[in-house]
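Same chain, two partners: chain A is paired with chain B first, then with chain C.
Presenting the complex of A and B:
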């Protein structure tokens, strides 16, 4: 039996402040926000905040805006995760080879990742600008466009354009994780495959890809968690518009909480988003984890 | 023997715990502002002018001022969270759009019983005073009062051989098409229709000019009524973008600032712009179209059209916390009078400074005769006659209500969907009207 002696007591004493801080800044807000989600709290009506149980959750499931936001978030997340992962694998394959300038290219790859999110959003907003944007200028000059086009004002492509800005920023980190995983693949496996007559595609499918699973799992979980909760780009580039074309779940939560000041339903939506994120991550880990 | 490590750990832990307890216990007191100061919050506008006036106020009264400001886009949320948390705020800038919800929430103190401030009503335009009144109580003194103006680029009109600015929206379409045909402008009309805080002012101006209302005098939604103008205004927007192509589809992502820049670049002939922007638009240092921008009355639209426009005011409001404490109340009232009324020398110094430096129109009637003010309008707008006439035709937003903040999100989406061609004007206005009715019912 472990004796709770002087060392243990000292350790407990030293750990206590950190634990207390964590309880105050992490555990308390989580529990409190759940408590808030069970009340009908509208900040502009401070004198009434009735307890409504799970009514807020039922109300949001009954709200057409919520399901529109879920659909948009799903599309956005699928595009972001799929394209980011695909490009990350391609870039990792390239940078895993030895060629002149490989180190410089590896360093340059990190520039988008190191760019602050706000700067990234503003940069892409300017690129897409309908009057002086770089994209319009480029496409008109090469003859692919006859006249300047309104990019972010086109509801059919707004979400994809925002996803493009997100992928530009997120892909480098994913590629870096893939490169690290690739470096860990024993060279012997490739030599053995070559001896067996495997061509480059077969070596990729049968050696590289199976060995990439740990990295893939990490990238898929991380990118899913990031994309599903993306907010900054929507705030800077479209504010949920045009119309409701980029009204994703995180934007809806922002509008509900900080514009309509409905903290009760806002907190309930946040819980739905958090639980969904956890569930998706858990599913990816379960699915890919079995195969590692 | 006591080891140094043991001694250090215990003492440090004890000292740390004591310090933490002191900080937690002292809390607000430790963070409190200097005693005897006025705590004022505004948005990040006219910051230099406010600071200059604060210095003058401190020199004249000896009362210190703690001034904090936030960007306009985050201001309402920042202010609300501080008010909910009972932050020690004495005075803040308030938009007329928030008055009912702030008053209902108990975050604003009425000043109807303060004769030192209400005496200024006799020198304030009626529209401004009415905009600070809710349920027969007045909640502040005006910071500035402005309205949406119809502005024209006279140079572009001249190039198209047009001698008289349009007086109806039909003429706007006609003249715009002429300019398009002559290659003077691709999109002669400019409207900033991004879903931001300005959108309701732009569409209200358009709605009023079509003789429309969003709600009737009883506060019931009439925006979906095809004969009340809102539907006609929405139809005009859709046709301007998709049929006549005189308004860029990019209008839905053009915010007020970007619209100002675009109009100042000389690429558009007609625009609806807040009047106070006339100074920037005719300033060669800020605008390529400087000297060519002139004001015209808001065009009339449809059979029941008028030259009416949307007006708004921002005002200096006092918190109930400040009103409840005698010393704070005295300081805050002096502060509000110095900024929203006359200073200790008897001049409307702040209002004049805001106009001459920033172009922000004043609600103070006596200032209209001030030679510097007359000179200001002459220099930047070619005279003050149109400004005065349009100001007289300005209407307060009829949607100002305790649920305005929630409703406007739906309204913004409805107008944008019309512009995008994703919703019929009638259907979009019905959706906005239904939301209004739902919120109004829920508020009871």
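Presenting the complex of A and C:
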């Protein structure tokens, strides 16, 4: 008997092209960027690239800008994930009911999700615009605001306004995932709970919420991974400003790498961000996965 | 215990009438079985009694109190579902305790009640487990536990044994019967399984198309079916139904002739009903054996009598027959059922 049969050999042959592509487009950049992070590469002096070990990592941990960016990213991610998940559950609860216009509303739900990120960023930038923005116009007309404000110029709320734009785009997918999970809850559980004497809130707590855990886990992991690495909205709406009010980790990596041209420290920051994202996702899966 | 009265109880979904002006009175502590094929309205009726389905028209009374619009939890009913409907995230203990917790009973009361219910159903050793760690039979016992722990006056059961295998179904059937005897509560039980209906019921309501076809004791329904549908729905193998006419005081179909004790009017088109077991050895009916199906305790014979009348007979295992044999057997005219061909009702 041969070690590998015909089937195994053909399988290996068929898998090889995909494996080769994956090695080139995924494995190589991961390994190469790690190599870059261990060298002091500055693009203004391209021929000088000394090996510095983990000095780049130590340097960024000593950098106050890095910790500010970590704090901003944490706030931004927490707001995005919490609000997106909360709204997604509410929207899913609504669209899981049968009422006139439910199908139309379900279809409309997909519009923000289908909007390209750049379009989304520009749209919200215009909505927040201090001279012709919709938000100013609306609030002044209903009397909630006396005069037009420079919304994105206020460091106290900039991050929240960008988060709002992100939530608007991300919530529909999260809601869809929740609806799918809700549809899988057996109707008999609700009927049993009604006979047992559970009111609508108790039915939500004892039947819906526990059954939503798989969907919740998916949404939490996905939203955390997306939000922590958000970049496009920051590029389009504020470019880190006003001051450093929207200087998140992704934006800092961009500035460090492509504006300051310090590829070594930029790669080290990217690695820290990637490992953090992975660790957070793992923690969510482990924490919620145990309870499913 | 409670008496349940359905007065012209109706349920419609748009133009579709699921239950049509149902009149049914279920006595204190009675075990009533709603029997019928899928879509006959039996589960809808049960759901209306439970309060899970809004009543389109008519009234529902528990004893003398009208509960037509009373929500489920205020009706003092407990329900057992075909799917068990156990809360997957809760342990067996928490599942059984859930209705009591919602009623705000104290922890010690709950613990005592859950312990008693678990003991009665022999599931004390399962209290710490979750539903996905239980077998089908164990899950159904837990579902029963959640029902009995509240000590309701009415138990509603929606095909509770349908998901179990044949052996388990038999033992669970015994358990439900024992519970009914011990609890002395009113049971309303929905099934499409005639064996379950026959063994459990004090009375059976056979339903079709949202209407009760016959309401009687199991014996009454089996011995005196009100129409062809009821006759055909109960019995395994099913009753033999042969179309023919009344001629000379006998049922006639070609050369096949059976004398009747109390024949309907001459020339009337009728359907003859003969239970497979209502035949005796030796007699004036002759037939050719087509198929022999020995079952150990008895034998089923498919035979072809005169006039091309095909019959299935359930005979003792001692009857020796082989395909192609000529067989003589007797039919007691008193055991025959005659139905009007046009109206399909018993004559």
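Simple rule for what comes next: the second predicted complex is superposed on the first by the 289 of 292 C-alpha atoms of A that agree within 3 Å, B and C clash if a C-alpha of one lies under 4 Å from a C-alpha of the other, contacts with A are read in each partner's own complex, and residues count from 1 in each chain.
Methods note: contacts are C-beta pairs under 8 Å (C-beta built on N, C-alpha and C of every residue); 3 or more make two chains touch, one makes a residue touch a chain.
This structure is a prediction, so every number in the text was calculated from the model and none was measured.
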Partner chain(s) touched by A:62 [first = chain B, second = chain C, both, neither]: neither
Which superposed partner A:210 touches (first chain B, second chain C, both, neither): second
Which superposed partner A:198 touches (first chain B, second chain C, both, neither): second
Chain B versus chain C as contact partner of A:152, first or second or both or neither: first
Which of chain B and chain C A:186 touches, first, second, both or neither: second
Chain A: partner with more touched residues, chain B or chain C: B
Contacts of A:7 with chain B and chain C, given as first, second, both or neither: neither
Which of chain B and chain C A:131 touches, first, second, both or neither: first
In the complex, chain A residues that touch chain B: 10, 13-14, 16-17, 43-47, 130-131, 150, 152-155, 238-245, 255, 258-262
Chain B to chain A touching residues, read off their complex: 6, 9-10, 13, 16-17, 20, 77, 80-81, 84, 101-102, 104-106, 194-196, 248-253, 262, 267, 402, 405-406, 409, 413, 416-417, 419-420, 422-423
Residue ranges of chain A in contact with chain C within the complex: 186, 188-189, 191-198, 202, 206-207, 210-211, 291
Residues of chain C defined as touching chain A within the complex: 47, 50-52, 71-73, 77-79, 81-83, 85, 87-90, 98-99, 102-103, 146
